[in-house]
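One chain, chain A, appears in both complexes that follow, with chain B as partner in the first and chain C in the second.
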Partner chain A sequence: MADVKQQVRDYIIENFLFGDTSTQFSDEDSFMEKGILDSTGILEVITFLEESYGIKIEDDELVPENLDSINNIASFISRKKN
Partner chain B sequence: MCGIAGIYNFQSNKSVKLDQIQHMVSSLNHRGPDECGFLIDRNFGMGMSRLSIIDLSGGSQPLHNEDRSIWIVFNGEIFNYIELRQELEFKGHHFYTHSDTEAIVHCYEEYGVDFVKYLNGQFAISIWDVKKKKLILARDRVGIRPLFYSLLNNNSIFFASEMKAIFAEGTINPEIDEIGIAQIFTYWVNIPPVTSFKNVNELPAGHVLICNHKGTEIKPYWDMQFPANGGFDKRQKAEIIDELKDQINKAIALRLRADVPVAAYLSGGIDSSIISTLVKRNHNNNLTTFSVAFKDKDYDERTYQEQMVAHLGTNHHMCEVDAHDIAEAFIDVVWYAEKPMMRTAPAPLFALSKLVRDNNIKVVLTGEGADEIFGGYNIFKESLVRRFWSRQPDSEWRPLLLSRLYPYILKDARHLNTFWQGFFKKGLKQTHLPYYSHLIRWDNTSKTRVFFNNSIKHHYNTVAEHQDLNQYFDADIKNMAPLNQAQYIESKLFMTGYLLSSQGDRMMMGNSVEGRFPFLDHQVIEFASKISPHLKVNGLNEKYILKEAYKDILPEGIIYRSKQPYRAPILSSFLSDKTPELIKELLRPQAIKQYGYFNYNSVDKLLRKGKNISAKNDMAVAALVSVQLLHYHYIERFGDHDFRLAEKQTVINLN
Partner chain C sequence: MPFSKNDIKIDPAKETDRIVQQLRQYARNYRKQGAVIGISGGIDSSVCLALSAKAFGSKKVFALTMPEADSNPESAVLARKLAKQFGVEYIVEDLTAPLAGFGTYRRRDEAMKTVFPEYDATYKSKIVLPTALDDKDTLSIYQLTIISPEGEEKTARIPLMEYLQIVAASNFKQRSRMSMLYYHADRLNYIVIGTGNKNEHEQGFFVKHGDGGADIKPIAHLFKTHVYQLAAYLNIPKEIQQRTPTTDTYSAECTQEEFFFRVPHEIGDVVWYGMEKSVAVNELAQALDISEEKVVHIQNDIQRKIKTTEYLKANPAHIE
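And now, the complex of A and B:
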C-alpha cells in the first residue's frame, strides 16, 4: 500500500509538477480541486496505472472516488488486485 | 494616431537636448511614419511621430494655443472635436487648424486639468504649460492608447507611448521585472503601474499625471461604475433597446470622422457583424472589410465571415494564417507588445493589420468591448453557474450546466465529466469574495509557476495575495452585483491589459493602423453599466439585450451561433520542425539556462512531452517562448533594432 502511494506521488510530481516539490499536497487532496491535473491528465494517470499495476480500468470505474487523490487510487488499486 | 515621448527635468535646470527626444521618437516610427515634431523648452522636451488621419495638412504637432503658452503632442483621436470646438469658440477661443488636437489645447485652457472629462475619444496626451512649467499627461478612460513613464532619481520624468522609447534614449536600461513576470503568470496581465520592466510604470487608464517642480501627482478621473444592488435601469426592455440602438449609432457616427477611408474588421462573431452592418446601412455602402482565417480548422471562423460578407456585400479581404506564420509573426509580436503572454492570439491580428496596411487603409472599426460591457464571456456564465451550484453543492444536475459552457473541453472526455466538476468545485462556496468569478482562472494560470526559477516563484506568493489588485480596483467592487464584479475585473485586467494592448493597439500600430471601438465609447459603457444583469446574461444566453436589439438585421446563423473564443494554435507553432530557427534556438537548454528565468529541469520535462503537452500547459509554452523573446529583443539585442525618424520634421525651440 505504502509503496503504491509513494509510486503514484512520484509519478504525479515528475509528470504534472515537472519535478517541482514546492507544491504541497496530501494523500487526501483532490488532484482536480488542487489544480494538479486536468482531464487529459487523468487519462495519462489511467494509462500509468494500467501499465504499472497490470490492471484494466472499466469506463464505469472512471470516477473521482477511485482516482482523484493518492488515497483513492491506492484503495482502488488494492481492491482491483484482490 | 501617433507615438509620443518626452522628458522633464522637473527639479533641476538641466536642459533637455533635441537629440534625446529624437532618439525616443525614432523608436516609435511604426506608430506614425508620416511626419514627426519636437518641442524644446529648457529643462522640458517632447516629441511625436504622426500618422495623419484628421486635417492631413494642418494637423502637424506640436500644436499651441493663441499666445503659445500651452503646447501639446498627442496620440489618438478626440471624436467629439467638432462639438468641443463650437463650445470653445463660443467661449472666445480662436483656432488656427481644423485638427482635433487643437480642441484639446483650448479645452485645457478653459477647464484646467478637468479638460479630460470633456473628451470623447481614445488618447494619450502630453500638455506643456509654459507659464506654470507644468506637464500634464492623460490617458483615455479604458486604456485604448498606451502611456508609460519612468521617474529618475525623483527629479526627472521620462514618458512615452511605448517603453522602448524610454530605453532608446539611453539613460534607463531595460531590465526585466520579476514581479511583472509573476503577475502575468497569474492574471495574464500586468497590474498598473507595474510593467514587465523595472523602473518603468504604466499610467493607469482613466488617470492623469501632473508634474511640476514640486513633484508628480497621479489622479483618477473616470472608472467603470455599476449601480448598487437594485439601482438598475427600470425601464421596459423595449425602451432600453431603443436607447441602446441610439447610443451605438452615435458612437459609430463619431468614429467615422476621419479624412481618410474607414474600414471594418469582420471576425464572424456578433459584435463586429453589428458594427459592419450598421456602417454599411447608415453610412457607407462601399464598406471595405477585413478578416483573418486559420488553416487549422479548429480555430477557423471563415464560414461565418463568408456568411456576413455575402449578407452585406462588402469589399472583403481575408488572410489565412497557419501555425508557421503565427510563430514567425510572434517574434515581432513580443517586440511590439513589450510583455510576455499566455496566448499566441495576437499574432494573427498582426498579420491582419499588415493586410489592412497593404490595402492602403489606416483606420478600422472593430467589435472590441461588447463582451465586457454586455456580458459575453463564458467566465461570466461559469461564475453564475457556480453560484447556483454552490447553493446545493450535492446536486448532481446543477454542475452539468457547466458542460453547456465548455463543450469544446468536454468533447474528447465525455465520460470524465465528474473530474471537471472537481476542477470547478474549488472554492465553490466562497461566493462572498469579490474576485469569486476569476479565482479559478488565476489559480490555474499560476500553476505554471512550477517552471520558474526560485526567485520568480518567491514573487508569486506576494502576487497571490492580490494586494496589487486591491489597490488597482475600486474598493466599491464589494458592493457590485456578481455579474458586474466579473465584468469589472475582466474589463480592468484582461481588456485593458491584453485585449486592447497586446492584441489591440500594439498589433495594429505595429503596421501603422488605427483601431476604433464603438462599444467602448464611454457613453455606451455608462449606459450599459446601468442595464440589469439578467438582461445581459439571461439564463445562460450571453449578450441577450444586444442580440435582442439587432436580431432583425443579422442573419440567423450569426445571431444564434454558439460563441467561439478567439484563439490561435500554440504547440504546433512552437514545437514543430518548421518552427523558426530563432525560437528553436531560444528553447534550447543553453538559452534557457543563460537567460535564467526558468528552472531548466522543469522546462526540459515539459518540452520532452512535445505534442502531448496538455491544454493546461500549452499556455506555459507560449509564456516560455514570449519571456525568452522579450529578453532576446530588449536585453540582448536592443541596439539591433532599426530606429528612424520620418523625413518631414518640425522643431520648435522656446529657449
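And now, the complex of A and C:
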C-alpha cells in the first residue's frame, strides 16, 4: 500500500509537475480540485495503473472515489488486487 | 419563498438592449464597421446573428456557414433561412478540401481504427461521455461509438493517445472555421462574433483559438436557458428553437448533452444557477424533482469542468 502511494506520487510528480517536488499535496487531496490533473490527466493515470499493476479498470470504476487522490487510488488498487 | 426553477429567467428585452449597446461600443472602440458571424442553424449562433443585426443593421452583418464532410446538411438549410429572415448577406464556404489537406479525416480515422480495427470511411462515429444523471459521481472519460453501414453500434473507452489524436484532428474543423471568419472580417474591416454561451464558455466546451477565438462573445454570460428566452424574443425560426443542440463535428448524430454536458440544460442550468446563488441542495432537488444525490453529482461535474478547463480560457501569457 505504501509502495503504491509512493509510486503514484512519483509518477504524478514526474509526469505532471516536471519533477518539481515543491508543489505540496497530501495523500487525501483531490487531484482535480488541487489543479494537478484534469480528465486527460486522469486518463493517463488510468493507463499507468493498468500497465503498472496488471489490472483492467472497468468503465463503472471510473469514479473520483477510486481515482481522484493518492489514498483513493491506493485503496482501489488494493481492492482490485484482492 | 421556496426556490423555483423559474427563478433563473431573465428579462429578454432588457438583456437584448444591453448586449446590443455593448456590441456597438466594442466595434466603435476598435474602429470596425460591422460583424462577421459563422452560423450553424443552431440556437446560439442564430441568437448572435439576430443580436448583431440589431446592433449594426442587417447590411453590416456578413454570415457564413462552413460545412465539411461530416456536417448535417440540415444546418445549412436552416442557416440560409435565418439569414434571409434577418436580411443578412450569407454565403457557404465548404471546408472539406482544406480539412482534407490538413489530414483531419485521415488522422482521426487512423486513431479510431486503433480502437476498432474494422472501422473505415463507411462507418459513422462520435465520441461521448456517460450521463451525469447516473447514481454514481462519474468522471468525464470519453468513449468512442462507431456505427456500421448496417447500423450495428459499438462503444469502447478510448485510450489516451487515441483520444488525444481524435480531438486534435477534429479541432482542425473549428480552427479552420475561425481562419475563414477572420479572412472575411479582415477584408470587410469587421469584427468576428463568438457564439458560445455561458455553459460552453465556462465549462470549456470550445476549441482554443477555434470557436473560442472571436473578438466579442455576446452570449458568453448567458445560460442556455437564457439563450432560448432570447431566441423566442428575437423571433428566431421555430425549427431552430426546437432543434436538439448537436456538436455537428462527428459523422454520427451527437447531441451536446452526450458529447459534453452530460445532463439536459434545463436541469444543468438550474443546478448551476442555484450553486451561484447558494441555494441549498434539498431545495434544488425539490424544484427539479430529482434526488439530492443527483444534484450533488451534477454540481461536482460542473465544478470539475470549470476548474479543469482553465487552460482553454487563458490568454497567451507573457513573462512577468
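To be clear about the criterion, the second predicted complex is superposed on the first by the 82 of 82 C-alpha atoms of A that agree within 3 Å, B and C clash if a C-alpha of one lies under 4 Å from a C-alpha of the other, contacts with A are read in each partner's own complex, and residues count from 1 in each chain.
We take it that a contact is a pair of C-beta atoms (placed from the backbone, for glycine too) under 8 Å apart; a residue touches a chain by one contact, two chains touch by 3 or more.
All values reported here derive from a predicted model rather than from experimental measurement.
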Q) What is the contact status of A:Asp59 with respect to chain B (first) and chain C (second): first, second, both, or neither? A) both
Q. Looking at the overlay, does A:Thr47 come into contact with chain B only (first), chain C only (second), both, or neither?
A. second
Q: State whether A:Asp27 touches chain B only (first), chain C only (second), both chains, or neither.
A: neither
Q: Count the residues of chain A touched by chain B and by chain C, then name the partner with the higher count.
A: B
Q: Considering only touches as defined above, state whether A:Leu17 meets chain B (first), chain C (second), both or neither.
A: first
Q.
Just to be sure I read the superposition right, which of the two partners does A:Gly35 touch: chain B = first, chain C = second, or both, or neither?
A. both
Q: Could you list which residues of chain A make contact with chain B in one structure and with chain C in the other?
A: 32-33, 35, 37-40, 42-43, 59, 62-64, 67-68
Q: Using the touch definition up top, name the residues of chain A that touch chain C in the complex.
A: 32-33, 35, 37-40, 42-44, 46-47, 59-60, 62-65, 67-68
Q.
Residue numbers of chain C touching chain A in their complex, please.
A. 130, 136-141, 143, 157, 159-160, 163-164, 300, 304, 307-310
Q) Residues of chain A touching chain B in their complex? A) 14-15, 17-20, 22-23, 30-43, 59, 62-64, 67-68
Q. Any idea which chain B residues touch chain A in the complex?
A. 409-410, 412-413, 415-416, 418-423, 425-426, 443-444, 447, 449-451, 457, 599, 601-603, 605-606, 614-616
